[in-house]
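Chain lettering (A, B, C and D) follows the sequence in which the chains are written, and residue indices restart at 1 in each chain.
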Amino acid sequence: MDDNTETAPELQISEWINADQPVTLKDLRGRIVVLHAFQMLCPGCVQHGIPQAKKIHGAFDRKDLVVLGLHTVFEHHSVMGPDALKVFMHEYRIPFPVGVDAAHVGSDIPLTMQAYGLRGTPSLIVIDRSGCIRLNHFGQVDDLFVGAVLGQLIAQPVGTMTGV
Amino acid sequence: MDDNTETAPELQISEWINADQPVTLKDLRGRIVVLHAFQMLCPGCVQHGIPQAKKIHGAFDRKDLVVLGLHTVFEHHSVMGPDALKVFMHEYRIPFPVGVDAAHVGSDIPLTMQAYGLRGTPSLIVIDRSGCIRLNHFGQVDDLFVGAVLGQLIAQPVGTMTGV
Amino acid sequence: MDDNTETAPELQISEWINADQPVTLKDLRGRIVVLHAFQMLCPGCVQHGIPQAKKIHGAFDRKDLVVLGLHTVFEHHSVMGPDALKVFMHEYRIPFPVGVDAAHVGSDIPLTMQAYGLRGTPSLIVIDRSGCIRLNHFGQVDDLFVGAVLGQLIAQPVGTMTGV
Amino acid sequence: MDDNTETAPELQISEWINADQPVTLKDLRGRIVVLHAFQMLCPGCVQHGIPQAKKIHGAFDRKDLVVLGLHTVFEHHSVMGPDALKVFMHEYRIPFPVGVDAAHVGSDIPLTMQAYGLRGTPSLIVIDRSGCIRLNHFGQVDDLFVGAVLGQLIAQPVGTMTGV
């Protein structure tokens, strides 16, 4: 878990799936947010990232913690559009909201991916109750470690966030 | 393994990927053919069928046995076209030829899928050296069982195919 | 995690393995203690409990958290004595201290197992920094859940233990 | 599969478990014999070898193929005697006969282990219908490969054993 925290940039999303209305980090302040950044045709995401994100979604009280997917397409854009993503989410039974990372005109890398400095997919980002990034991990992470990070953040009330 | 065998219908393919020229069962007569029928957005295919097909491809001598993929899209056709399939095959490093099952105008079920009476994906079809279907299985199959079926067929020279 | 906590009974151990001197919960006060109760010939312990206990041992700072094994033999006593246990620990490369639960004359159930009311093996017991039992689970537990419990307890300083 | 076959030496067993009477290779001539050599406190045996042997036992017709366990204790003899083995077999629900490899006075290596030149545990030995060794493998073997070896041997009638 990172102690040199920085405020999480707001999500820049062109379309939400599995959400009644747009989701913002600002509205989720006071809760822990787990962001799972993935691409639907990325094997590591399908084998490890997505199952882990679904498990986190099922394990914690939504009042404490919210899981969001972030579809950060940075390659093969033409075959991973929103229509394909919707089929993927249906087939893989993804129960949490997923936002399509907004394209950056003139770049393959979408805007939120750039703002968080993500190196690829899958990436797991954990934001604490006060809106600070506490984990930004590229690749596979062990469930025990993720659980320990989330448990620590859950135990901390909003006002005591400094110096964890 | 099925003892009441029937001759395998010829494949009806609109496009081959990973193949220099069209592949026909007729040309493969004398060798065992393992057909892995899948859809690129089918979770059971991605988790079990594809890895098993890759393992079979790596385990046997190509002079005895050939693995072919068959992309039998019967739902969500618009997002599982050949362009998306090529990206999928690149990302999942599929080394064997894959044929796109030819569409049947006026039906969601493509032609080869119909001819083999497939019930869904993943399906594993095993064709012996004389061109007869010896296994046509829908769903997951254990590696030990598949190995035993293939081992028996490999041990049989072409002329002795009756009454296995 | 259990909110109706009770003070953990002191361990009753006839012999320690992998420890320079006897280990007591009293001496570990201020740290979280994870007790893994097992039998060396219990398949569930070998497949799930022991690997999980080793993973916990490797994941946390010993200043925060200590893992202890508890060999609670309640059946087949003659073939699971300390000599057999030492070979088992060597073969399975168990790096943390393991205490042999002290026999209760006239009973198959050893003393610590009785004091903690364990129903069988594997059992996972988590004791917080103030010496209270926060988890007492029989059977397999998911890594994510265990991590979350331990993370919450690590985040709590000793003086604030009430009412988690 | 080995083409330079040699006749399998007869088993030298001090005690059979899960068998009504002593088992001999001679009596099993005409059937394929799968010998799983293991030690009850060997982690690789418990994790891979035993589950694979149980799966083979469940997958084939006993008229074609028989699975036998061989308890080849070559270290820590005092804690892996027949009484401990019986508990192990009960706990791990081993359904096939297991023979205790007979001790060689003055050596740690038991007699059958010596006769087969085994390098350690787990080892998988496959004997064909005519009593020849066709596989003698130390370590983990993939199910697909084992299935293919067994399938080939099953397809061969006794009289045609040469030159597989």
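Basically, a residue touches a chain if its C-beta (ideal position, glycine included) is under 8 Å from a C-beta of that chain, and two chains touch if they have at least 3 such contacts.
Remember, predicted model here, so these are calculated numbers, not experimental data.
Any chain bridging chain A and chain B, meaning touching each of them, is missing here; the list is empty. Among the other chains, the CA centroid farthest from that of chain D is the one of A. The mean-CA centres of chain C and chain D are about 37 angstrom from one another, to the nearest whole unit.
In this assembly, the C-alpha centroid of chain A lies 50 Å from the C-alpha centroid of chain D.
Shared contact sites, meaning residues of chain D that touch two or more other chains, are absent.
Taken pairwise by the contact criterion, the protein chains form one closed cycle in which every chain touches exactly two others. Residues of chain D that touch chain B in their complex: 52, 55-56, 59-60, 142-156, 164.
Within the complex, the chain D residues that touch chain C are 41-43, 46-47, 76, 78-81, 83-84, 87-88, 91-92.
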